[in-house]
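Two complexes follow with subunit A in common, the first pairing it with subunit B and the second with subunit C.
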Partner chain A sequence: MMNLIDDLRRLVGDRATDSSSERLCYSRDASQVRGLPDYVVRPLNAIEVSEIVRLAGRLGVPVTPRGAGTGLAGGAVPIKGGILLDLSGMDRMLELDLDDLQVQIEPGVIPERLNWALKEHGFFFPPDPGSSAMCTIGGMIANNASGMRCVKYGTTRDHVLDLEVVMADGRVIHTGSRMLKSSAGYDLTRLMVGSEGTLGIITAARLRITPLPRARRLIAASFPTAEAGARAVIEAFSAGIVPSACEILDRTTLMVLSKCNPNLALPMDGDLILFEVDGSEQSTAEEAEQIERACSAAISVRIATGKEEMEEIWAARRLVGAAVSRLDPNLSRVYLGEDVGVPISQIPTLIARVERIAEEAGIPAMKYGHIGDGNLHAALFIDITDEDRWGALERAADRIHLAALDLGGTVSAEHGIGLARARYMERQWGEGLDLMRSIKRAIDPQGILNPGKLGL
Partner chain B sequence: MTGKPDIREILKCVRCGTCRSVCPVFRELGWESTSARGRLMIAGHLLDGGLPDEAALASLRSCTTCGICKEICPAEINSPQLIEGARRAISGRGLLSEAQLKLKTRIQATGNSLGEAQDRLAWMTEKEIPDRAKAVYFAGCLNSYRYPQVTARTLSIIKPLGVTVLKNERCCGSPLLRTGIAAETIDHNLEQIRATGAETVITGCAGCYTTLKNDYPPEFEVLSLSEFLEEHISDLKLKSLDITVTYHDPCHMGRHNRIFDPPRRVIEAICNLEEMKWSREEARCCGGGGGVRSGYPDLSLRMARRRLEDLPSNVETIVTTCPLCMKNLNDAGGMAIDLIDLVAQALPEHASGSGSSPGH
Partner chain C sequence: MMNLIDDLRRLVGDRATDSSSERLCYSRDASQVRGLPDYVVRPLNAIEVSEIVRLAGRLGVPVTPRGAGTGLAGGAVPIKGGILLDLSGMDRMLELDLDDLQVQIEPGVIPERLNWALKEHGFFFPPDPGSSAMCTIGGMIANNASGMRCVKYGTTRDHVLDLEVVMADGRVIHTGSRMLKSSAGYDLTRLMVGSEGTLGIITAARLRITPLPRARRLIAASFPTAEAGARAVIEAFSAGIVPSACEILDRTTLMVLSKCNPNLALPMDGDLILFEVDGSEQSTAEEAEQIERACSAAISVRIATGKEEMEEIWAARRLVGAAVSRLDPNLSRVYLGEDVGVPISQIPTLIARVERIAEEAGIPAMKYGHIGDGNLHAALFIDITDEDRWGALERAADRIHLAALDLGGTVSAEHGIGLARARYMERQWGEGLDLMRSIKRAIDPQGILNPGKLGL
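After this line comes the complex of A and B, so read on.
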């Protein structure tokens, strides 16, 4: 190991380091997981990645891939040390093939930048995590990330046609093709999506792109209870409407938002559901009307069509994450128990349980999220300099995870498992986890790729 | 403005990485230690008693303190302030870079950041200047020594409006303060300003402006040259010019002190203004500030070249209100002029000694 840094430098020059400060900067993501790498390397192509992985394999050194380090579960934190591969510098857009509705990109491309480039051609890449401005598409694929618009357009996995992957033995394989459909053998692409760097390292991705809709409408409906809101969502779905976004903001969230911005143009009298429909002028007008009818139990319904009006409402929605620290500078949001999912019909029950759990822990909680696909973000806030509060927070997060599983849900709907949620995998998967372990052993027998993650 | 950075402020960082999407230094270098998020992790480590290695020093010193991270931070963390605080902490431990030592010695020896031995007022064409006046024009080191025509034009235009200059101006303190070193020239300048009896200090340099405004005691009003020109725009009887220019917001005028509109209003009183791709709050840094131009000249130039990519098509002339931005953008191949150069062109008759075209 003594001269591994020299070997790495022979491969990539000054894009490899063992400086203690640089290692410190790569020891965390946006979660509470910590792990110091021994080396940080910034490769620029699949050949370099392959050589680094072969070298690591010869020495049995762990390799942990990382995009922008914006993850919320420690997926890119090198908890067993070894080599941290920073892939964010591999950020070229390789091919734009509009005729075949696809692009090929390197994993470090930032989704917002891809969408800027696609916009002028009338296309977009739909998955839209809150971190679209800074995360990488490689990280999105590794975690099967999604966002508000996925209720209509599907999650990242639905947009991946082919991946170039460096395997644990250094081989470079392709998991798919340019084809929009294929029924030839195992779906290796889907095996890699969501594998969090434990099966291979993505060095290029071919993505399906989608035409931009011509019109959008936003319907903001305020309900006396979250349950009534969830009923309206189910009713709208049953009427054949697939909204392009379907969000819930509970009354605690609204109260906090209104304190941050008293001029906020949102109804404050109940739990709020935001529906967005997209398509043509005519189709969105019709669907907005249908949604209004589905919201018969609402206290108030407001339909927004103006670009600015809609942008203002979405801006308020985006503010949620940071809102409480603006209200009370001593409180910080801690991302634990923040990404559970349940079947849509169970959302009101989950909200009620999260409310009780937070109350019993004495922790303020905002509940908001993508009700259209059953994904609830519980935002818990504590004074992070207070040790006792950390204990209470961890217990509350644990109970939220168990509540979701109890309701037939998942501990992570879009952020991933990493280390933060690894201990729930057995409970969520049962024997299915054994199969995952077998797959891992078959593909990475030495266990050098992102070891310690996914509860494998 | 002294003391250690507050650990609580650093802990507010949830490492969401939003700063990565805008940090111009990170854009060039790519290492996590060169983003605001990485710098805060390093600053926190130092506050915990950690020892700085080369990468830590480079991380903290390579920030231009442009403040775009602060603008976008969901937790509203003031990274530039924390980074300056961490710089003070490492300077306080006696860890000065070669560039910092050189700067400190130069300023001590010559009173200016360039180490120039000649008369600071050599640019002045006026034979007489009043000892006392309502307002003082603070020229700054860079404008005095590198852009004498800018200072000469400025004074000739604003002197009739009741403005004088300091007989013995010294460095405002900005280059030292921004890199975390106490500036002894502040007291000297203060005495000079007091002696003139001026209630207003006017400066055409972003570094001087932010320092006079935020690091000097609030005994006098501080105006940027663009604000002063805007106030007196009708007195100047400017004619309009049939040209189109763009405007580069200096970070320490714009984001740090919210002077976005005055320079634009002055420009629009003269000619067409077309904005750069990123402007106002979102304007990208030219790479010159925070000690980066002297400490990391290559990085600084790369950032300036990147900034030139934001130019609107078919517009060449970049108007700005900071000599450091002007110098950096020009060194990178741009065509940057000071706002006063544009004003001078639009005067009913050119001020004496100002030449016929905006030069640099």
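After this line comes the complex of A and C, so read on.
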């Protein structure tokens, strides 16, 4: 292994390094997981990736792909050392094919940049994680990211037509085609989406794009209980509404937000549901009215149509992640137990359980998230310099994960498993996990691709 | 093997048989593929399926699952003999969970029956293959079926949340959950969808359901050329319209239809595009107007809003499959080369090539299909008692498949590969097929599940 760095340099020049400072920079993502790579390499094309992976395969050295490092589960952290592949430099937009409703890009493209480019043509790429100004589309695919709009438009998985993937043996394959639909063999594309770099390294992606809606409307409805809010969501769905966003901010979240900014444009008198509908002027007006009717149990309902007014409310919604640190400088948000999901009907029960768990642990908890697809973000915050509090938080997060599974849900709805949630895979999947392990062994027999992740 | 029938009878009583007449009944589907099973078994639950598969595994006997036998590629034909599993008797609707927008059913449920049951609650299961009054949902899943409405609602794949599957070793696993979204490991559900019974036997399915739209409008636009029609489709998409159906009937198809029924409610003066939009009264009215504008190159545009008027036009569209046999009693439609797909922009080129191929072969060809997702059904018809004509047809179908691949398309957009199209898999997928083979070997190492299919 002594000369692996020399071999890597022969392949990519000074885009390969083993300097300690560089390695340290790549030893973490946005989660608590840590792991130092032995080498950092920044390939610029599929051929380089292929050569690096072949080299790693010959020596049995782990390869961990990484986009922007915004992950919340340690997915891109090289916990077994080896080679860290920084793919953020592969950021070309390769093809814009509007007639066929698709684009081809390299994995390092940031979604907001793609959306700027698409906007002038009247299209967009719908998945919108909170990190869309900084994450990479490669990371979104590896993770099956989603966000607010997936309640209408689906997750990243639903927008990928084809991937160019470097396999563990260095071969470069395509998983799909330019076709919007096909019935010709196994769905390799969707097997790769969400596999978190354990089955192959994505070097290009063909994405389906969607026409931008012409109008939006936002309905902010405040409810006496989260349960009443959830009931209104179900009623709106049953009435045939497919909102383009359907968010919940519980009263604790609102309280924290109002302390950060007392002039917030949000009703503060209960648990808040934000519905957004998009389409034409007329259809959104009609749907907003229907939603108002579905919210008969609300304390107050406000319909926003002005662009600025809506932007103000969404800006407040986006504040949530950052709000905590402004509440008390001694408290930090820890991303554990933060991404559970349950069937929609179970959201009120889940919120009640999270409340009890947090209370018993003496940890403040904001509950917010994408209620329209059952995804609850529980934000727990503690003094992270206090070891006791860490222990309490870990136990609380564990109980939140188990509560979600108990309600027929998932330990991660959109942030991924990585290392942070790997130990729940057996419990969530039962023998399904054996099947995943068989697939992993078949496709990466040496286990060099992102080892230690997904509980495989 | 002598006593396999006795063993099968011990498991399921007289629902296992080796009578020649029964075996013959199960030796075909709706394609030209033929293969006689050695045994026919009609299991009624997952435990029975599991026991049968275990027994087959011990003896290395093939197991081929079958729904209603409406497949067009031989997917359910037991070409290597062994056990034919008739799953049509497993047809219970297990759970209707409207709040969580889902149902759980057994694989033998016929989609039209499910939709009757859902209709009274205001919901539907969108995938709508032409055979939806007789096929099974298990078959639709195995095949990733779709139909007219998938241009808006997606294929079967997009509506499956969880499958109960009996694996090759007899284990019963779940591939998903009740969650509408999840990011927790490999997407086993979508790996199973479209795998045509080669990876496991589906014994239950949890499906996402969709609220029924309140209104529909149909726009029938007649164009001087198929190219002008395709251009209008692209323009409508770019204007932000997502039609709930977008069909093409070329002038040959219209000619055949008009000979069957001279009073047809369709414009007969060119190549016809049928757009349907659904939603509210207002939004469909708005969108119909926009589509009309996108059809500026049309010879004529007619907007239908009355339920009867629309039903009349769709009835004519549905006639297409059957029309041929009424044109000339000596000609039969042969399902070869009938399901190719290309990127939308390539549809005019594909139509022109199919025309030339058919002309050169001296075979009449109707070209119709789901232009909105690039899926063209080429209907070739010959005197099937004439061996020469068979040869000419097979060569023409081969050229159609190769033309689709040449245009960046697929040999099957919704009917599946089965045996009929297995030989194109290598050409369509390249090394991707090796990956499918690795997965098949890992999950069914003995190769007992539906052997000989998908070119694996």
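The criterion applied here is as follows: the second predicted complex is superposed on the first by the 456 of 456 C-alpha atoms of A that agree within 3 Å, B and C clash if a C-alpha of one lies under 4 Å from a C-alpha of the other, contacts with A are read in each partner's own complex, and residues count from 1 in each chain.
Keep this in mind: a contact is a pair of C-beta atoms (placed from the backbone, for glycine too) under 8 Å apart; a residue touches a chain by one contact, two chains touch by 3 or more.
Keep in mind it's a predicted model, so treat the numbers as computed, not measured.
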**Request:** Check whether A:Val242 is in contact with subunit B, with subunit C, with both or with neither, and answer first, second, both or neither.
**Result:** second
**Request:** Using the touch definition from the top, say if A:Val193 reaches subunit B (first), subunit C (second), both or neither.
**Result:** second
**Request:** Mind working out whether A:Ile347 is in touch with subunit B, subunit C, both or neither, as first, second, both or neither?
**Result:** neither
**Message:** If we overlay the two complexes on their shared chain A, which of subunit B and subunit C does A:Ile219 touch? Say first, second, both or neither.
**Reply:** neither
**Request:** Quick one: classify A:Thr155 as touching subunit B (first), subunit C (second), both or neither.
**Result:** second
**Asked** Who does A:Ile313 touch here: subunit B (first), subunit C (second), both, or neither?
**Response** neither
**Item:** Partner, of subunit C and subunit B, that touches more residues belonging to subunit A
**Value:** C
**Request:** Classify the contacts of A:Leu180 with the two partner chains as first (subunit B alone), second (subunit C alone), both, or neither.
**Result:** second
**Prompt:** Touch check for A:Ala145: first (subunit B), second (subunit C), both, or neither?
**Reply:** second
**Asked** After superposition on the shared chain, which partner residues are touched by A:Ser21: those of subunit B (first), subunit C (second), both, or neither?
**Response** first
**Contact residues common to both interfaces of subunit A (with subunit B and with subunit C)** = none
**Sites on subunit C touched by subunit A in the complex** = 97-102, 121-122, 143-146, 150, 154-155, 157-158, 167, 171, 173-175, 177-188, 190-191, 193-195, 199, 211-214, 234, 237-242, 279-280, 282-283, 286-287, 339, 341-345, 373-375, 408-417, 421, 425, 428-433, 435-436, 438-439, 441-443, 454-455
**Prompt:** Which of the residues in subunit B come into contact with subunit A in the complex?
**Reply:** 8, 11-12, 14-18, 20-21, 30-33, 37-38, 41-42, 45, 52-56, 59, 74-76
**Footprint of subunit B on subunit A - complex, ascending** = 17, 19-22, 24-26, 28-30, 40, 42, 68-70, 86, 88-89, 110, 112, 131, 133-135, 321-322, 325-326, 329, 332-333, 335, 384-385
